[in-house]
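After this come two complexes, each holding subunit A, first together with subunit B and then together with subunit C.
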Partner chain A sequence: MTGRVITITSGKGGVGKTTATANISAALADMGHKVVCMDADIGLRNLDVVLGLENRIVYDLVDVVEGRCKVRQAMIRDKRLEELYLIPAAQTRDKNAVAPKDMVRICDELRQDFDYIVIDSPAGIERGFKNAIAPADEVVIITNPEVSAVRDADRIIGLVEAEQKGPAKLVVNRINTEMVERGDMLAVADVLELLAVELIGIVPDDSAVLVSTNKGAPIALEPKSKTGQAFRDIARRLTGEEVPFSASNGNEGFLGRLSKLIGTKEGRNA
Partner chain B sequence: MPSLSDLLGRNRSASTAKDRLRVVLIHDRSALPPGVMDALRQELIEVVARHIDVDQHAVRVEMVQEGRSATLQAEIPIKASPKPHSTE
Partner chain C sequence: MTDVDATQIDIKGIREGLLVTLGEGDWPQLEQALMGELQRRGDFLKGAKLIINVDAHELNVASMSRLRDQVTDSGQLLWGVLSSSAQTERSAQLMGLATRIHDGSREAEAEDAEEYYEEAALQDLGPDSGILVRRTLRSGASVHSPGHITIIGDVNPGAEVIAGGNVVVWGRLRGLVHAGANGDEGAIVCAMDLAPTQLRIAGHIAIPPSERGEISPEIARVQAGQVIAENWTLG
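Showing the complex of A and B:
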């Protein structure tokens, strides 16, 4: 087996990398793939709580790097999904405890046992980012429809290209349809035009995300949730499946919204 | 060509955001601070005007985005009756 390494990153912090990592990993595992997600945000560990696995941690990524345990021993099996594992970050160390070559070595080992290795990157452009993208076969950039997030995403897209890890793929997270229709939020089409990269997902702004994080249960596992569907669609696209964007959140999808906008415009002019 | 949302979102904050980002990204990518454009424009005019009579007020110098790269575009209109060539 030769697993694929997918790194989830962003320029600006707080745009939804950890949320996306947890949900994409859960969705991939739910599809039957063998998945391990890895928290590369050393010192600011969060993927464990988002997945609800914080009480089971014994070893972490830095323990593996420093040889205190085997990779296997640092892996925590998910409560819900047989095929989902987590390798947590160290909470009391900093990013310099891990080097890009450590990440490459650990991922090469994991590739033999897993279909997908999903890495949650820290924000920024420094060591933690370099660690996270070093083993990547594919880089997914998360952004929000907001000026500073888009600007920072552009910088990261350039850096990913410079590191020969491009072309990166884009997820626009926290789209508020109402605000877009009002003209007070950048539409996905605007963000795509500005960043000139391939789109791999559109995720609505949804308070249910916070609720699912409170519970430590990924929203991607809620069959009826549109936001869950958006994450499941991203997972399917990552496996190479063609998933139309109109399906990503029902009639409120990217194309649905566009046609709705056209309707609104004609209505106004009539 | 303006996109659909450009047409619809005119005068709303999203179109302002998009216009501002367009400029910011081009300068970020080229590592060229926006303030340098004025100096560049002035120097281009000076160089060209040494050889041709240019309409200084109509000169346009700007960065244009093409995918993820940018082109520096200069439009330098020449005045109707050029001065005779002094240098050959």
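Showing the complex of A and C:
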């Protein structure tokens, strides 16, 4: 088995990297893939909290790097999904406890046993970010429809290209469709026009995400939730499936403009 | 001159190790001051690779091997000797010491700053030459040239383009642009969509209005001490 390493990053903090990591991992595992997600945010861990696994941590990523335990021992199995594991970050150390080559080594080991290794990157462009993208086969950028987040995403896309990990894929998180219709928010189309990378997901702004995060239960596992569906669609697109963007999260004009843009972008790449 | 001030000895980290620069003075005093300094900072410098710049002092093989032994005794390694004297350089080479360091500063900086444009290669260009960049410049990217710059692609907000000559963007220009950066008031900036965060020509700075009408190719230049932009039309 040769697993794919997918790194979730953003540049700017607070756009939903950890939530996206938890939900995409859960959705992939729910589809029957063997998945391990890894928290690369050493010192500010929270993927364990979002997955509701905080109280089961014995060993962490830094313990693996420094040889105090085997990778297997640091993996925590999810409560709900048989095939989902978490490798938590250390809370009492900092980013410098791990080097990019450590991440490559650990991921190479994990590739043999898992279909997908999903890495939650810390915010920023320093060591933690470099650690997170060093082993990546694919990089997914999370952004919000807001100028500062898009600006940072643009910078990150450039850095990912420079590290030859590109082209990155894009998820626009926290889209409020009503506001987009009123023209209040930077629409997805505007974001895409600037960033010009492949869009693999649009996630609505939904207070249910907050509730599920606080409960430690990924919303991707709630079959009726539209937001959960958005994350499941992202997971399917990551596996290579063609999933059309659902018409329910926007009016026709918006979607029309969007598909036109996606069309142009593909034309440009050809 | 007999007294050598130890404060004139400068030690700084470079890629290869520590570069030691000596002050003025006669060699025996300099050597003594150096050894004193190495011993004083012994713990801090333990095991360090030293590259010593002896400037024009002439050292034969015997005095250089004495220097090496003393450095070894004080717990460091003499790795290289830089000198403008051919005699000294030859002695160093005979002893297998490095006599050249590559200027790592630019390289290291470029790596750190994630500069993915080879600025170094552009240094030799004269003002009448130019470069062509065929990609989109994203936030954080920067292109500099003493000549002209043509970009086929967009210049996103947060990216910068700085040219001694003119700047032509075959795409959307939304970042910072500076044409005529060396003071040429005749420089121009043109783009398919001219909407930079800031536009500079020579010493003039303009902030384009945020409200814009229909997008069309525009050209900006300095006229009567003001930066103006007009539609770029055929004929």
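Points worth noting:
Keep in mind that, in the parts below, the second predicted complex is superposed on the first by the 247 of 270 C-alpha atoms of A that agree within 3 Å, B and C clash if a C-alpha of one lies under 4 Å from a C-alpha of the other, contacts with A are read in each partner's own complex, and residues count from 1 in each chain.
Basically, a residue touches a chain if its C-beta (ideal position, glycine included) is under 8 Å from a C-beta of that chain, and two chains touch if they have at least 3 such contacts.
Treat the numbers as computed from the prediction; the structure is a model and nothing was measured.
Of the two partners, subunit B and subunit C, it is B that touches more residues of subunit A.
In the superposition on chain A, contact of A:194 is made with both subunit B and subunit C. In the superposition on chain A, A:240 contacts neither subunit B nor subunit C.
By the touch criterion stated above, A:67 is placed in contact with neither subunit B nor subunit C. Using the contact criterion defined above for the overlaid structures, shared-chain residue A:158 touches subunit B and also reaches subunit C. Comparing which residues of subunit A touch subunit B with which touch subunit C, the overlap comprises 151, 154-155, 157-158, 161, 194, 196. Taken in their complex, subunit C has these residues touching subunit A: 114, 116, 136-141, 154, 156-158, 174. Residues 3-5, 7-15, 17-18, 20-22, 24-25, 28-29, 65, 67-68 of subunit B are the ones touching subunit A in the complex. In the complex of the two chains, the subunit A residues touching subunit C come out as 125, 151-152, 154-155, 157-159, 161-162, 194, 196. Interface residues of subunit A, counted against subunit B in their complex, comprise 146-147, 150-151, 154-155, 157-158, 161, 180, 182-187, 189-190, 193-197, 258, 261-262, 264-265.
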